[in-house]
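Each of the two complexes below includes chain A, the first together with chain B, the second together with chain C.
Moving on to the complex of A and B:
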């Protein structure tokens, strides 16, 4: 029953997309200044049916309707309601439906909110967006239909992968999809802009809100994924340069560059071609990432989605997108002349863009090199953190300096007034760094530079912040918060990296281990039955010998029944100054448990500063609205 | 559209990239060790874990009839499980030299590990950041590579050595 309703709704969306493309193409030729009313109506129908189809699937998951293969494969009656709902997008087919939903929602919102802009431009955008929608609808119907039914109807489902049963991970995919798929709208808008000749300042204004929205969601999505890795995977790290993490970074670099150069286009009416390239590549990189992850070319935590036949479809679609984008760009793009003064804000923004491109290319090479080597020479390698750390970290130093100084330069041309301020603050940063170095321990020359640059950025932003409260230039606040938080993020990651404590040992119940001013006492162990898993809970007394402070930590080993899997839950005690992190895992055929104890300074501040970067973006959305 | 060199380069690069992806879809992604068996190991240079001045390279392996290069870490529990096979290998057979590469580990932990469980290695090399292991084509640990005096890989074991693998190793070096 649900299967038929779902498929019918998807077909309706398909029909409406065709109709929208057709009527829009006809409407392009009319002389009227306004878009035909029917197009609005059709779009409204389209969005209604898409959202309904998604709700149909959610209902299937909530009611555990195992007549749908997708529900059967990814859900189970014993799962808590929250994870039943999250299961909807916790698999390839369901997430593809969510993908289509976001394409349609953005298409509709762009249509109704941009009514002040040129008609031809809006129609072309609508046409391109609906071509994208069609592409993904065909993919969904031909290869990955979430509404496929199964007969006879199974009594019980196979269950959702336990490591996905986590609140952070339940919201991680929707956030990322809004971020990544949201980019589609300015891919379409960029194509439309090339075709309709609606360029420059006005084009920048038409897409800037959408760029900001998708930037915020991408940033937030990446952070939530990282938080999940920290709490759930039990390794105590939060960024692993895993191919899938890298895939999410590529569009983020492009969109961050875009967000900045868009300001130049809006204020100075230059850099148009570059903005177009970034618009096009952001979405192309999103789809490339999806292709790499879902085709199974890369192996990682996200391999739930791997299937080569999907790969062929996404790759064909990707090729089509890239070539049409390239051809239209080469035919329509006109040469621009740039005349930038070296000491102007646009120069700094351009510098930001070069850094972003450098980071992007580095990550891209690190990701693609193993694939190339495998395909061309049959040698299998993996590129790990050392490569990324060596290439990227040194460049972060000048990047942060520019990030602090750049926004202080005026448009077009500026004077040398701020030179002494910079000198003074660098001196301050060096002194603070020396104090940390002297009191807390030694670290490498590069780390010194990183700390100095981060502290400089923080100090500079704090001064800016103070100025804002004096002269009430509120619109600068979001930018300062994001830049300040980036400085804080790098600073806290640096501290965390330098001063983390990590101990690894085996213990059995009743044993005590003393290490680095801590005494770890494995007191006892409990077994607890839960709704969908059985937990072995260790009870550890952790005594801080310096302050004579005792606390109890309870890491778990969880045995999930559907599907049968072991997961290790870390016990994490978060404090303002540091996290205590304890995991235990069983050693086969022995009474001993492998214990991993970590003390990670300022962990919570890493999350706070990362979230503040995103907050800056959201504030920009709200504040700019009020100004208009 | 005017055709110029930069456009041609961009187009050819795109086509190249997409065709690599296309080929990438067709190859087998299960990590396959067959291709490594029979090939020669590349040049390497590892320093001793407790003595930075002491090192070995591929030249040293030529002196041994057989060398088993074992990648291990104190934090890896399967490594503990396989350790007794390494111990008996080093006690039983004098033809084979065992080299341990300590993968992303801390010196103290590694030394304690060897103190607790015994040291089967003729040489323990240090690989703090995992780069050396990667150059050997190591995917995860434990892994072991059996090499003869011509530096040809005879056998590659992914995962812990168990009784079957242990017998296989003995058979290969007879």
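Moving on to the complex of A and C:
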């Protein structure tokens, strides 16, 4: 029943997409200044049916309707309601439906909110967006239909992978999807801009808000994923240069570059071609990431079940996208003249873009090189985190310096009276760094540079912040917050990296382990039954030998029944100055438990500063609205 | 004679060119230094020029009944159903590390039968098997 409704709704969306493309192409030729009313109506129907189809699937999950294969494979009656709903997008088919939903929603919103812009440009955007929608709809119907039914109807479902049963991971996919799929709209807009000739300043204004929205959601989505990895995967870190993390970073670098160069296009009406390239590549990289992760080429928790036909479909669609984008770009692109002065804000923004491209290329090479080598020579390699650290971290130093002083330069050309200020602040940063170095411990030369650059950026941004409160130039506030938070993020990561304590050892119940500063006493263990899992809870007494302060930590081993899986829940004690992190696991039938103990300074501040970077983006969205 | 503007542009382009060459060289050079080769126990047995003391990865299945644990470390045997290698590891193992399941260990060879791991990777779903191992098992099953 539900299966039929769902499939019918998806077909309706498909039909409406065709209709929109057809009527839009007809409307392109009319001389009227306004878009035909019918197109609005059709789009409204399209968005209604898409959202309804998604709700149908949610209802299937909530009611545990196992006549749908997708529900049967990914849900279970004993699951809490929240995770039943989250299960809707916790699998390949459901998340693809979410993908289509976001494509449609952005298509509709772009149509109704950009009414001041050129008609041809809007129509072309709508056509391209609907071609994308069709592409993904066919993929959904041919190969990944979430509404496929199963007969006889099973009595019980197989359950959702327990490591996905987590609040952070329930909101992580929708956030990232809004971020990644949201890029589609300016992919379409860029193509439309090339075809309709609606370029320059006005084009920048039309996509500005959309770029910001997707940037905010991407940033937030990546952070939430990272927080989840920290407490759920039990590795005790927050970034691992895992291929999947890299896949999510690629579009982020592109979109961050885009967000900055878009300002140049808007204010100075130059860099148009570069902005177009970034618009196109952001979405292409998003799809590439999805392709690599979903096809099983990169292995991760995101590989739901690898199926080669999926990979082939996305790959063909991707090639088609890249190919048509390139053709249109080279046919339609016009020559631009650039007239840049070295001491101007646009030069600094260009520098930002170079850095972003450098980071992007580095991550791309590190990610793709093993794949190529495997295909070409059958030699299996992997690229370890040191590669990324060695290449990227030194570049962060000049990057942060430019990030601090760049926004201080005016457009076109400016006199720099800030030389002494820079000198003064660098001196300040060096002194603060020396104090940390002297009082807390030694670190390498590169770390010194990182700290100095980060402190410089922080000090500079703080001065900017003070200025804002004096002269009430509120529109600069979001930028300063994001830049300041980036400085803080690097600073806290640096501190965290330098001063972390990590101990791995094995203990039996009742045993005591002494490390440098802590005494860890494995006191006892108890078993607790929960709704969908059984928990073995360890009780550890942790004594700080410096001040004799004792506290208890309770890591868990959870045994989920459907599907049968073990997860290890870290016990994390968060304080303002540091996190205490303890995991316990049992690998064999022996009495020894495998313990990881970590003290990670300023962990909470890493999250706060990362979230503040995203917050800056959201503030910009809100503040801009009020100004208009 | 070149005009001032053209001259400026040439200098700029040369600068960019040198910078990008340098960047690419830097990236590739670091890449070369940080590649981890993956080998199966059989490959380690057969290869003559296996580098000892260089970081690499070994993968296979954790042999049933092979895990032993004491206060300092965990030892287990990795097998590809033809050859096996003993792995010693002091650290925490991931969620899905278990006997009879796939595993990838990162570390250094101490000799052809003994591997000291610094990291264990088995962080996937319950049905997961590293693709390298899938291939090996397929090969051995023939």
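Just so we're on the same page, the second predicted complex is superposed on the first by the 626 of 628 C-alpha atoms of A that agree within 3 Å, B and C clash if a C-alpha of one lies under 4 Å from a C-alpha of the other, contacts with A are read in each partner's own complex, and residues count from 1 in each chain.
One rule holds in what follows: contacts are C-beta pairs under 8 Å (C-beta built on N, C-alpha and C of every residue); 3 or more make two chains touch, one makes a residue touch a chain.
A quick note: this is a predicted structure, and the numbers were derived from the prediction, not measured.
On the superposed chain A, the positions of chain B and chain C overlap enough to count as a clash.
Contact with both chain B and chain C is seen for A:585 once the two complexes are overlaid on the shared chain. When the two complexes are overlaid on their common chain A, residue A:26 makes contact with neither chain B nor chain C. Look at A:15: by the touch rule set out above, it reaches neither chain B nor chain C. In the superposition on chain A, A:318 makes contact with chain B only, while chain C stays out of contact range. Contacts of A:366 after superposition: chain C is touched, whereas chain B is not reached.
Judged by the touch definition given at the top, the superposed model places A:596 against both chain B and chain C. Once chain A of one complex is fitted onto chain A of the other, the partner contacts of A:376 are limited to chain B, with no touch recorded for chain C.
Contacts of A:233 after superposition: chain C is touched, whereas chain B is not reached.
Touch criterion not met for A:435: it reaches neither chain B nor chain C. Within chain A, the residues touched by chain B in the first complex and by chain C in the second are 296, 299, 379-382, 384, 386, 504, 585, 587-588, 594, 596. Those residues of chain B that touch chain A in the complex are listed here as 1, 7, 10-11, 14, 17-18, 20-27, 29, 31-32, 35, 74-75, 77, 80-81, 106, 109, 129-131, 134, 137, 139. Of all residues in chain A, those touching chain B in their complex are 291, 295-297, 299, 308, 311-312, 315, 318-319, 322-323, 326-327, 330-331, 368, 371-372, 374-376, 378-382, 384-386, 502, 504, 585, 587-588, 594, 596.
Within the complex, the chain A residues that touch chain C are 161, 163, 233-236, 296, 299-301, 303, 305, 358, 361-362, 365-366, 369, 379-384, 386-387, 390-391, 504-507, 563-568, 583, 585, 587-588, 590, 592, 594-596. Residue ranges of chain C in contact with chain A, taken from their complex: 23, 26-28, 30-31, 33-38, 55, 57, 67-74, 90-99, 106, 123-128, 130-132.
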